[in-house]
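Common to both upcoming complexes is chain A, partnered first by chain B, then by chain C.
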Partner chain A sequence: MVPYLLLITIMPLVGMIFVFTAKDNEKTKGRNVLNVAILTVGMNLFLIVRALNLIKPGYGNLQLSESYNWINTPQINLSFGADSFAMLLIFGVHLAVLIGMWGVRNAARGQKPRMVFVLLFLSMINGFFMAADIFSFFIFFEALLLPLYMMVGMFGEARRRNNLFRFMLYNLCGAFLLFAAIVVLYNHGEKNLLLGGIKNLHLGSAGETAVWTAIFIAFMSRIPIWPFHSWIASVNSGIKDPLVFISANIMPLTGIYGFMRFWPKTVPDTIVLQVAVLEVISVITMLFIALIAWVNRDIRYKIFSFASIYYIFFLLGVFLPTDQILLNVGYSLFACLLIFASMEVLVSYQLSEQSSKNLSAGGILSSMPKMSKAFSFMMLAGAGFPLSAMFINNFVIMAGLMNYSLVSALAAAAALLLISVTLLQELYRRKDEINPVSALSLKDKAKDISGGDLFFMTAVGVILLLSLFNPVWFMKG
Partner chain B sequence: MFAWAVLKIAGCGVLAELFQRNRLVRTWAFLLFAAVASVMVVFFLANGMSASAGFIYKWFDNQAIKTSIILGLSVQNIPIVVFFAAVLCISLYYNIFYPKELRRLRSGGFYALIFTAMMLLVASTNIMQLLVSVFFIDLMTFYLLWTDKIKRKFLFYNFISDVLLMLLLAAVWGIGHKTQLNQLLRIGANDNRLLLGIIWLTAVFLKSGLFLFHNYILDWQENGFVRSLYLFYGATPLAGLIIMLKTAAVGHYHNFLWPALDIFAALTMLGSFAGSIRADNLKAKMLYWNLMLLGLMFALLSLGQKELLRVFPLLPLCGVLISSVILLPMVGAAYETSISKMGGFAGKMKLSLGLTFIALAGELHLLINLINEKNYWWIMGFAILHLLSLTFVIGRIYFGQSGAGERVWVELKNPHLLYWFVPLLLIAAIWFAYPSPDIKLALFLPLCIFLSWCFSKDMFNRFAIRKDASGEYAVTLFNLLLIEPLKVLGRVLWLLIDFVLLEKVLYSLAGKSINLCIAISMRLHGNTRFAGAVFFMSGLMALAAVYYFK
Partner chain C sequence: MKYNIAAFLPEFFLLLTVITAILAELFRSRATPKTFYTIAKTGMIAAFLASVVFYNQTPLPGYYENNAHITLFKGVVYVLSGSCMYLSLKWFLGLDRPSFAFYLLVLLSVLFLTAALSAVNLAVMFAFLTAAFALNIFFMCLDEESFTAARRLVGTVLAVIVLVIFGLTEIYMQTGSLNFDKVAAMYVSSPLNGRAYSAGAALLAVVFLMLGAAPFHLWQYETAEKGILPAVCFINTVPVFIYFAVLVKLAGSLLAPVYMTMYPAVLGFALLSVAVGALSANGESNLRRLFVCIRVFVVGVVLAALGKYSLNNVFGSFVYLLVSLLALIGIHTVFYGLKSKGVYLKQLQSISGVAESKPYLAAAMLFFMVSLLGMPPLLGFLGILSVTNVLVSTGAYAVIAAVLFGFLVMAAAYLRVIRVMYFDGRSVLFDRTDRGIYLMLAINIILVLILLINPRFLLTDIEKLLF
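Now for the complex of A and B:
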């Protein structure tokens, strides 16, 4: 049997080695390494689709299981397993990274390190999503930080270095807490404890409280929930490189995924309070971020807020006492990843045109018809119009929330509405002909994207539209 | 049969959008009209206007949700379908020759596509189809708007409405996990019925542009006449009415809901009456008259679904009739739209004036025939307000003191015969539907005398403000009460929580605590005389503390 899951994890590492050894000079301008990276991602996408077609649709039943011995004493294995939810996320992450690569294909410098670290990041996140036991999960959870730290440090151009250190420090603290929780679990359970088996352990009241609190904080530190939102926002929204921005904003997904895999549907009595507190904080954070995004003029902050608010919305869906909607969360996440990645790439191009020609954002799209079409599609899809899988699946998640707690659902809906209005407002600020664009000479006008760019974005748009009619259109049957 | 006809019309729309032409645009527009009209004629001749199960597409079938798209026709929907088909044909007909329309294929294509989405809405029996069709109507209507300013406002109003509708339907779906619209009846007494009812009313009011929410519709006066006409009768305002018709069960969630609808319907009629007197732009007046009619239809719906359905298709078509006769002086006066620059046209436009009188008589005749004990006061009120406003404006155009410039005066003439076809056809339809004169006409005799008096005295002149009314007070109200407070809240929250609490207190405190620890450690490791002793003592104290607490 072909070890698909191992191959999916290793393929980016192999690609990384080739990228590392590929030559690039003034003539090729980084295209050589970029092509190797794109080819790697493309081949991995092929493997992912193949694996998706081998597993039965559904959530929770890990299939295609593989286990590899790592350390004998104590016995620690690297175990992989995947359900269609995990594979869907991996598929979405790959497509988002591919969109990001398209966005940096004309980058003047640093193409090789950028591609090396992004492929390393991809490999680690694949391992994370396919980890079947707690040690494998922890290893990839922690290993993710290294490439991201390097990328943000080298290309992020974070506005304040202090924030970057803080970001890493708190992420490491989270990882340490998870490590402590896992050691406790390891001592109480089997040697290779599977992710779903945690709920069967008997830790005692104090142990349960301590372990779950540690897990809580570890995952929360990855998600921009108050009070963690501040440094995540200051780092993530300040990144100017589209590929790094996309990678950094994929990170909160690991926190949500962690909650999904660890979280028992029947919440133990000892942690009922934490859950209630987390839900309240989540809803308040959604509203808070939406309000700030509305008044903030920085479009990258708005995109960051869009992704964050939807992540928290999906997290609320994860906390619902039912497994039925988790696949819907996956479908919506898939579309959300593609939309925010496309938004970022398009915005990045606009910002570079703005800075190089000293243009204001208002009305910039009026001289860029192709960009206007692509950008409008993505913004409308992001706002919740029936242009992607987000439409019907968000409806299902919202219905679940309304059934569970009407007040929370209304507050979440208000936040979603606010962020959508924010996106639309930004779109029309950029489309409005408030600048006398026609009076500008040709060289002073913003240059439109090329036909190839429009074709690429149309392809992304088609994938999104297909996901509206059938989110798993790439699967047989 | 019905589904095939709708799909063929959708195909015409898609082809028109894909194959835009800059040459022979009128010919292409005529071909589009001919294609759509022939589909409809074939449909009628084949006796297609009968109930049919139609086309079914299984959309979602997973453990969370099962839903289909169904394009069938029920007996109840037939008059509504006839109305929208008629509006589509009329708009495509005007689209051939109305000179202010420059992108005929594009607009015609969108008319056909909006019609398709509207048919999906009319045929919807489940939540998802209703939501998707509403969103698609919004999206395609959006592309028919001329300027970005209008687009922006349109999108905000309709998007908020769509989200509210989604919330309502999500709540309903969450109860039984069934997508059928009849689930609306299953909401229990403990399921926040009042809140859901308020969401329902707000969603529909926003979409239809009823009183306080009419601002985005008035913006359409900047669009061309044909687009404005189609947008009003073929797109979102009527979509709001159809949504309310489909979800009328929500109206029974609370005793307050139908009276609230009545109040807003009455306010819409009164507000639109005042607006139609104040506005100077003829297209704005047309929109106000249409809003009055929409207010009446909402009021009829509050009396019961049957009351609304029995006025379809002729009552809304009567609105199209009035709009088409109001177009005559506009076209005749070289597309002048300001009433203040018209007046005294009767001499040169006798035929248009005659046709306008016949149209008014047709409207009166229709209203008399539609009146019954249940709707008596609503139709009487509407008739008085609508005809008063109409006669005032028509009086000013044809008999008032002329404010027309030299250009208008020189070019003034009856519009060519193509413009006469639609009003004549609609008048004929009304007289054909209700051929016998009615004794209730006597009820309107005092009204007619009063109207004549209005003609002679021009009493509303003193109220008419010669500027374009755009409903800006509603925008100011929303800005003051909703938008600005939210913005201030956003800034205050950022300042208090992010900046003061997190940045200046928590982070700063954490940083300073670490600095303090470092400073203490450095002191303890310093080369002063007592540093070693203090270090030793503090170590002992720490050990003692651990021992004590353990």
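Now for the complex of A and C:
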């Protein structure tokens, strides 16, 4: 049997080695490394689609299981397994990264380190989504941090490096807590404990509280939730490189996924309080971020807010005591990833035009018809119009939330509404023709995207539209 | 009998190499660093092979013996010394400086350290250990700049000698012998009196001092800062293994009752080392002193993992020490490649932006530092895992919390170095790096990757050798 899951994890690593050793000089201008990276992602997408077609749709039943003995003392295996939810996320992340690569294809410098670290990140996140036991899960959970730190440090805003430093330490703190919890679980339960088996362990009241609190903080550290949301916001919204911005904003997904795999559906009495606290904090944070996005003029901050609010919304969905809704979360997440990645790439282009030609954002799209079409589609899809899987599935998640807690659901709905309004407002501002374009000379006008760019964005739009009608259109049956 | 004498061959080869090097210095008119390196390398390989062949032969029962466990440590020391010597050749050739004294000191140091490990008599063991430690003074005399460090080291060595003499005399007065069997019997059979305890504690303190555990770590800073790079690389890495092996020997059998009584103090030293190493690393701008801080931290974690002494604890701490020293050697190798206008760089700020012009060196440094941080999937993760696992199995949760917090503080120091190397702009023009440096880095990384992909070599096979 072909070890698809191992191959999907290793493929980006192999690509990374090729990229690292590829020639990159003034003459090649990063073309070599970009081509190798795109080829790697493309090949992995092929493997992912193949794997998706081998598994039965559903959540929780890990299939295509593979296990590799790594260490005998203490006995640790690297175990992989995937359900359609995990594969859907991997598929979405790959497409988002591919969109990001498209966005940086003309980057003047640093193509090699950018591609090296993004492929490393991709490999680790694949392993993370497919990890089937606690140690494999932890290994990839922590290993993700390094490529992200390197990418954001090298391509993020220099003024915000202190925040990045704190953010990284905070994440490492979470990772060490998870590590301690996992070693305790390992020593109390059977060796190579599978993710589904954690809820069956009984550690005693004090042990349970300590272990679950550690796990709770570890996953919280990845999500832009109060009190540490400002570090993440400061770091992520300051990134000007679209590929790095996309990678950094994929990171909170790992926290949500961690909760999804670890958190028991029947919450032990010892951690009821944490769940209640998390729910309140989540809802308040959603509203808070939505309000800041509304008043903030920085469009990158708005995109960051869009992604963050939806992540927290999905997190609330994850905590609902039913597995059924998780597939809806998966479908919606898939579309969300593609939308925010596309938005970022398009915005990045607009911002570079603005900065090089000293143009204001107001009405910039009026001289860029192709950009206007692509950008409008993405903004409308992001605002919740029926253009992607987010449309129907968000309603299902919201219905589930209402069934569970009406107040939380209403607050979450208000936040979603506010961020949608914010996106539409921004779209209007950029499309509104304040100064007639005809009055500007040709060199002063913003240059439109190419036909190739529009074709690429159309392809992404088609994928999103297909996901509206059938979120798993690429799967058999 | 024939075999027994042959078991002295490793020491004989080393001694022969020392004599050959002296003769070459005296009578060969054009003795270059390559000459001495070739002589030392040949002797080291011969000693290594001989020690493997006669791994379980005892040449002098009651005074000097070998077994698989000892041979493992000796093998590691030979290999590490060999790589240190190879790297130092590049340094001496690059600066066109005489190298005879350095190679002579390395050979003598290895001879003394390995002999100390095979000794089954306390006097013999500590005589060799003290002699090897005293050689650090001469390492410091290799350069005029480090004379002050040498003078200060004399005081430390004298303190060691006083402690050793006191410990050995007290034990001898109580047992009438310094053979391991008799000393162990004395400590096990009779109740622990104040004199026996203080004698044992003095000897353990000597080992802690040599290991560089806080609060006995201060001698290392000046040595690292002022010494020449080859000396620093050797002193910071190779002897640590032997000191650790000696500590295991003392704590596990000879001075076990003293060690058990001293355990709270040992734990105190361990946690103090973790705290001092981690905190001082964050305030350090000199690269070499920074890596002394890392060594102090590593020693602290090793002592914490050694705990109340059990075979599992020894194994866990050994794995951590081995992977950390592999990373430390890798980092020292990178130091050999960081040169500007012929001067080896020492300050953290001077290597800013190195990733731009020396991407492979920077990547190697990143690789080793992330490994030291214990971040998976690199080898350091196995180290931190071994340590945490033995601590959890002994229920030492408070120690785990302290050690993991130490790792977090240490992480801040590593991130600072990464930030300077990768995120800051270039401040100096770097010289061309010798291909030998890249070769050594590649070998180190390949070794680490092999151990990473198949950790059974490190974990299972070594466990079998140890126990």
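Note that the second predicted complex is superposed on the first by the 474 of 477 C-alpha atoms of A that agree within 3 Å, B and C clash if a C-alpha of one lies under 4 Å from a C-alpha of the other, contacts with A are read in each partner's own complex, and residues count from 1 in each chain.
Following the convention adopted for this analysis, contacts are C-beta pairs under 8 Å (C-beta built on N, C-alpha and C of every residue); 3 or more make two chains touch, one makes a residue touch a chain.
Note that the coordinates shown come from a computational prediction; the quantities given were computed from them, not determined experimentally.
*Asks:* After superposition on the shared chain, which partner residues are touched by A:403: those of chain B (first), chain C (second), both, or neither?
*Replies:* Touch status of A:403: first partner only.
*Asks:* Looking at the overlay, does A:359 come into contact with chain B only (first), chain C only (second), both, or neither?
*Replies:* In the superposition, A:359 touches no partner, neither chain B nor chain C.
*Asks:* Using the touch criterion from the header, give the chain among chain B and chain C with more contacted residues in chain A.
*Replies:* B
*Asks:* So in the superposed three-chain picture, is A:469 touching just chain B, just chain C, both, or none of them (first/second/both/neither)?
*Replies:* A:469 contacts chain B only, not chain C.
*Asks:* Could you tell me if A:71 is touching chain B, chain C, both of them or neither one (first, second, both, neither)?
*Replies:* Only chain C is touched by A:71; chain B is not.
*Asks:* Considering only touches as defined above, state whether A:324 meets chain B (first), chain C (second), both or neither.
*Replies:* After superposition on chain A, A:324 lies in contact with chain B alone.
*Asks:* Looking at the overlay, does A:179 come into contact with chain B only (first), chain C only (second), both, or neither?
*Replies:* After superposition on chain A, A:179 lies in contact with chain C alone.
*Asks:* Name, in rising order, each residue of chain A that touches chain B in their complex.
*Replies:* So the residues of chain A touching chain B come out as 57, 166, 226-227, 230, 288, 291-292, 294-295, 324-325, 327-328, 380, 383-386, 391-392, 395-396, 398-400, 402-403, 406, 409-410, 413, 416-418, 420-421, 424-425, 428, 431-433, 469.
*Asks:* Which of the residues in chain B end up touching chain A in this complex?
*Replies:* Chain B residues touching chain A: 59-60, 62-65, 128, 131-132, 135-136, 138-139, 148-149, 151-152, 155-156, 159-160, 163, 166-167, 169-171, 173-175, 192, 195, 486-487, 489-491, 493-494, 497-498, 502-503, 506-507.
*Asks:* Give every residue of chain C touching chain A within the complex, in rising order.
*Replies:* Per the stated touch rule, the residues are 315, 355, 359, 363, 366, 370, 375-377, 381-382, 384-386, 388-389, 392-393, 400-401, 404, 407-408, 411-412, 415-416, 418-419, 422-423, 455-456, 459-460, 463.
*Asks:* Which stretch or stretches of chain A touch chain C in the complex?
*Replies:* Touching chain C: residues 20, 70-74, 76, 112-113, 138-140, 142-143, 145-146, 149-150, 153-154, 158, 161, 165, 168-169, 172-173, 176, 179-180, 183-184, 186-187 of chain A.
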